[in-house]
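The two complexes that follow have chain A in common; it is paired with chain B in the first and with chain C in the second.
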Partner chain A sequence: MKRTRTPGISRRSTLALMGAGAMTFAAPWVARAQAKTIKIGMPTILSGRVAQLGTSSRNAVMLEVEKVNAAGGLAGRQIEMVIRDSKGQPQEAARVARELVNTDGCELLLDGEASSGSFAVHEVARDLGVLCIHTCSEASSLTADPKQHIPNAFRCVRQGIHDSIVGGSYAAGIAKAKGLKKWATCSPDYAYGRDTTGEFTLYLKRFAPDVEIISESWPKLFQPDYTEVVTKILQAKPQALYSCLWGGDLTSYIDQANIYAMFNQMEVFAVNMADYTALTVVKNLPKGIHSGNRYIKTFPTTPENAAWGDAYRAKYNEYPTNWSWQNATAVMFLAEAAKKANSADGKKIAEVLKGLTIKCPFGADGTVTMRGDDHTLVGYAIGWGTTIPQEPYVPEVKAGDWKTIFELEAEWKKSKGYT
Partner chain B sequence: MDLDALAGCLSSSACLVTQTTSGLIIGMLLFLVAVGLTLIFGVLKVVNFSHGAFYMFGAYFAMTAYQLTGSFALAMLVGAAGTAILGLIFERVFMSRVYGADVLMQLLVCYAFVLIFDDVVRIIWGPEFKSMGMPSAFQVMPLFIAGGVVPPYYLLLIGVALVAAIVLGIGLSRSRIGKVIRAAAHNPGMVSALGINTGLIYGGVFALGGMLAGLAGALAAPVRSLTPGMGFSVLIESFIVTVIGGMGSILGALIGALLLGLIRSFGSLGFPLFTEGLMYLFMVIVLVSKPTGLFGREAA
Partner chain C sequence: MTDLEAGRTERLLPVRGGVALQRYRDVLIALVAFVVLASLPLFTGSKALLDFVIRCSAYGLFATSLNLLVGYTGLTSFGHGMFFGLGAYGFGLIMQKLAVPIPVAFIATLTITAVVAAVIGAICVRLKEIYFAFVTLAFQMLIHSTILSWASFTGGDQGLRGGIPRPAFLGIDLSNHVHLYVTSCALLVLGLLAMRQIAQSPFGYTLRMIRDNAARASFLGIDVWRAKLTVFVLAALFAAMGGMVMALFVSGAYPEFAYWTISGEGIFINMLGGVSTFLGPMVGTVLFLLLNDTVTRFTEYHGIVLGVVILFFALGLRKGLLDFVAEWAARRRETGEGR
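Up next is the complex of A and B:
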């Protein structure tokens, strides 16, 4: 018997339409992939005490995104940044990150949060499966701890453990040369301050076993007055002082310690001093403070780095910060990975990012690498030097040796049970 | 806990001098902020939660004046006078509308202005932290008194705060204006019935409180970094001072601030991990033993 078609939509067509509809609603990224622009979400700190760092992160991202868009975009798709203020609160950072993906349709995330917020955003990335590059958190455990590992998250930031190894080694050299055996520490009383100080003294003692810590001070974060801390250190009479105070806390501390002539009485090692945010603000910067490089345009001493620092300053009328170069590098990684993957798809970019080496103005040898096994940045310029009160502020930086960093980092990971 | 360090310090004249002056510095700056807070509460019966903003404005005004003129004295003057004017305007335009209102309403108005003032500072001076820098006259080696270290700038700071305390104490107890202010605090209706403009008194007291906080900010500007919101941490400690000393008591603010300064100074040696806690513990002990504070009076 011959079957005749009835007018209207057939059952097969209806099922096909329903299937297509379901696909569209259940997997919105399929539809989004067709969009011409690609939205990249970025929660960062745009208000409060450290707003300057968040603003400098945003500036650096926009500087690089303009270049990428001018060169044709991310695999042919123009980037549209959606940048939101988290106020530095972890719960707000998580909420904003989720909203950026679910409501604003962002397909990738740049996480411009400090450590506390980054762990919260990391969980959002774990939940949503969206590609996320952390651009500001230096907490080593974020990528070193295998429990934190997810295939879609990367960290394009210097690491506390790297700084501590290089700082400890540098400080031990000076301790031996000058006979500095009695040390004091003064760092902010929260996770970053405690961890970084602990790791620094660990490597200081490893390279200079005679060193003894005779005094510890833990002022609270954003404390306005350090007088009692300064006088306590003076009473202990150490030969050297280590501090990882940063930003306005560090400048307050220097101003207050200066009038006690503290810098004449001991060698001072302040890992966060060599950042323009602090260098340009302190009016009476003492000569000879030892510091790790954060961002200065004279290290690495390459025309590319100097040109990048000048371009940033020309555009925003201020110097970049440590957070700036990290965010800029993240965009450089995204652009290169998308080019290699020939796609702006997060999963494809993530695959390419693993172990990717790119040319970069901030690389120790002109390149930086996104290490494949723990998804973290290595090969960036890292070193210590001493300050002078005017530009270039840190005229000579002694570069850290990445071979030593890798060896000691591997040992440290083992001691922590990470490997 | 490091009681050996504390005992060692107490038996050394050098350490005693250094730590005592350290305590005095912390205490006197705190006093200048707290006394304004307690004065406003004593007369206006308003807990001014936006008081820290005047400390912040004082610091920013002083920094700007110093950058423009290079004169430290003028910077102090501008810091104090600028916040006095700001205090007067703030009281006349906004706070005067919530006298007698629910405490929650007063709290909300003050808190709103904490946020507004912070944003105003951010718009005018930028979100980044700033430093005024130490005037060259004070960029000298510290003095050594009995082996202890005392920076000359801090001697000036203690001196200015002491003069402010004495002038305020004598002015309120001996002068006619002081008597009127105290009368207004006790019975504003009667003062008004005598033909005295209580609004003017209220505005004046608020301006005075703002000026003292502004002076503290101006004095602190050479040694503390300036950021939007910098008044908040000072405000918390000022509240502790006023609670310890007794709300409304100027002598209480002075004693409370000095005690707090000394607790921080010597506590950092003996109890390095519990210095903050010591302040609160002391406050709790005072509140339990004398709920109105050391010099506070029972409500009539």
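Up next is the complex of A and C:
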């Protein structure tokens, strides 16, 4: 007898499909059944041009979570991280954050998004009421603007305004000592670049009033060729240059400006230079570039910081980034707050986090604080130094003074209408 | 014109009398679809599923409106995402700055979009094929750059911050998840129904004629430029509706909504679902979002997976999923008749 087979889906594949469907719908309940562990969700950027932001954040989080879990977890509950890629798109960041909470049963969020994505996740936190710690967004308005304020969101990140105050006063000191009056700026053409440059020059002029900006360049973000920018700056003949280019943009810029021997002709202040992602990639790192500290294991010069940098390197075979220390600090905050609250409940942790000071390898005095009134990180190590072409890359870093930072930050907030 | 399109045109030729019947059928299907979707929250507590449908509404409106241009008129726009972004920003800004009731902001956004689309369309629809595609892309980048650089108004690259206020209207409170869900479903169903009516109207058939042979249409006395402009503006309105749903979902508007990648996703969705059936883009949207959501759960190399899928559709099936199904059904029918 000839066997005939009717076209269409076979019984076997129908059953398989139904099984897969049932698994998909059952997954959240299965997940909730294992309530002994606490899930922490983390949307971040793991693909595309700034994937390193996400991967180095993830590495640092996992490094710290292992320690917390080994020490008993969050109030006795082992942490399970659920980390997903948002591709750097805000709508994806919002979607992923919601899914992490609603479907995967995450009780806390670490928001490893930059720029617009962090504001999208912030809105999700506002909507769902879940505790959220931002770990990558440096935009000052995220916490400084009272309109953004919600009781369940915190920011464990350095801030643009802090960097500008410290950078401005440091640069003004050098400007006065060396008589640098004619300045040029070269920064990426988007909100971070414009704001940071504006604030830097504001404080530079405040501390050194006779400084004059004679040339401004605004290359596009991720621009591959900087020839026209470099020649424009060289023609203007400034005595000093400020730039807040970062990552691949900064390294391409330096490689291209090196061809024109730019770094012999002026003092260069590049706030984002002292990060291993930039330091180790530049082909011929010029001597004497002034930079803020992003992450460098020799500043603060404590054995704890050096040990942390080495442990990270030993585990992942690369140096940590600025994003790494911020994410690690967020996990440290969670662990300490959960211990104090004796609970892993988001609301209770949020209460304790307000104004909490913890011991931390990245603190200016060995501690960092989550400021109570605007839920943002203060007291972290911040300073400026000059580069050398080999390790330790920035041998001496001059620490910024937090007292001055607080005073000028309060003034800045007032001028923006935030207080 | 491809064989597929030729065959379809024959099939779709309306019989006079049957048109009204078909319209009632469409309305009935829309009603049933809305009732089924709107009753979903009664059966499931899954917020993720509701989120999924809300996103399907936003992308579905956007992709189907793009199909009015690509599939029905033969205008391959690479810049359709600008209207998605315009809808999101227009609505968000009006709600944040003017604090008007939501329906007023909705209508105002559509009005603004219509004006902008008319101006851009008047320039673009004169151009053919690749030139049309490129100029729409250029306008999209212009709008995207404007959003980025006008930071004092639009928030620049950080987007509209602080959330979009949603005062209740007519008993509908859009800050309530279920209310937002039902409203999105209603907008989706109404939008699709309206687009279906456009596609099946004499105007819709004029568009198909322009797509197949613009010169002949012109000789028959049709003002090709005006018809193209009209459909360009109409498509922009539905794309803006999609943008508004997305703005409500994320409670903000971000420059990425007006970036070329959104237009690219629209075209990708159309390729997945198929451009020769009305519901092709909607099927494409569901497929695309399902793929996106499941693949990104498991790997950060989602680009490779999505790339392979699009290759499969482009080189393997050589058409979208619904095109394939429609053809397969037609073949089955034919062999059935021949037996």
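Here, the second predicted complex is superposed on the first by the 385 of 419 C-alpha atoms of A that agree within 3 Å, B and C clash if a C-alpha of one lies under 4 Å from a C-alpha of the other, contacts with A are read in each partner's own complex, and residues count from 1 in each chain.
Assume a residue touches a chain if its C-beta (ideal position, glycine included) is under 8 Å from a C-beta of that chain, and two chains touch if they have at least 3 such contacts.
Bear in mind that the values here come from a model prediction, so they are computed numbers and not experimental data.
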| item | value |
| --- | --- |
| Partner chain(s) touched by A:Asp145 [first = chain B, second = chain C, both, neither] | second |
| Chain B versus chain C as contact partner of A:Arg126, first or second or both or neither | second |
| Touching partner for A:Ala71 - first (chain B), second (chain C), both, neither | neither |
| Touched partner set for A:Ala311, first chain B, second chain C, both or neither | neither |
| Partner chain in contact with A:Arg95 - chain B first, chain C second, else both or neither | second |
| Set intersection of chain A contacts, chain C complex versus chain B complex | 47, 51 |
| Interfacial residue positions of chain A with respect to chain B in the complex | 47-49, 51-52, 55, 216-218, 220, 222-225, 227-232, 234-235, 247-249, 251-252, 255-256, 258-261, 277, 281-284, 318 |
| Complex contact set, residues of chain B against chain A | 5, 9, 15, 18-19, 22-23, 25-26, 29, 122, 127-134, 138-139, 141-142, 149, 151, 153-154, 220, 222-227, 229-230, 233-234, 264-265, 267-269, 272-273, 275-276 |
| Interfacial residue positions of chain C with respect to chain A in the complex | 46-48, 51, 55, 148-149, 151, 155-159, 161-163, 175, 246, 249-252, 254-257, 261, 293, 296-297, 300-303 |
| Footprint of chain C on chain A - complex, ascending | 25, 28, 46-47, 51, 54, 84-85, 87, 89-92, 94-96, 98-99, 102-103, 115-116, 119-120, 122-123, 126-127, 139, 141, 145, 147-148, 189-192, 194 |
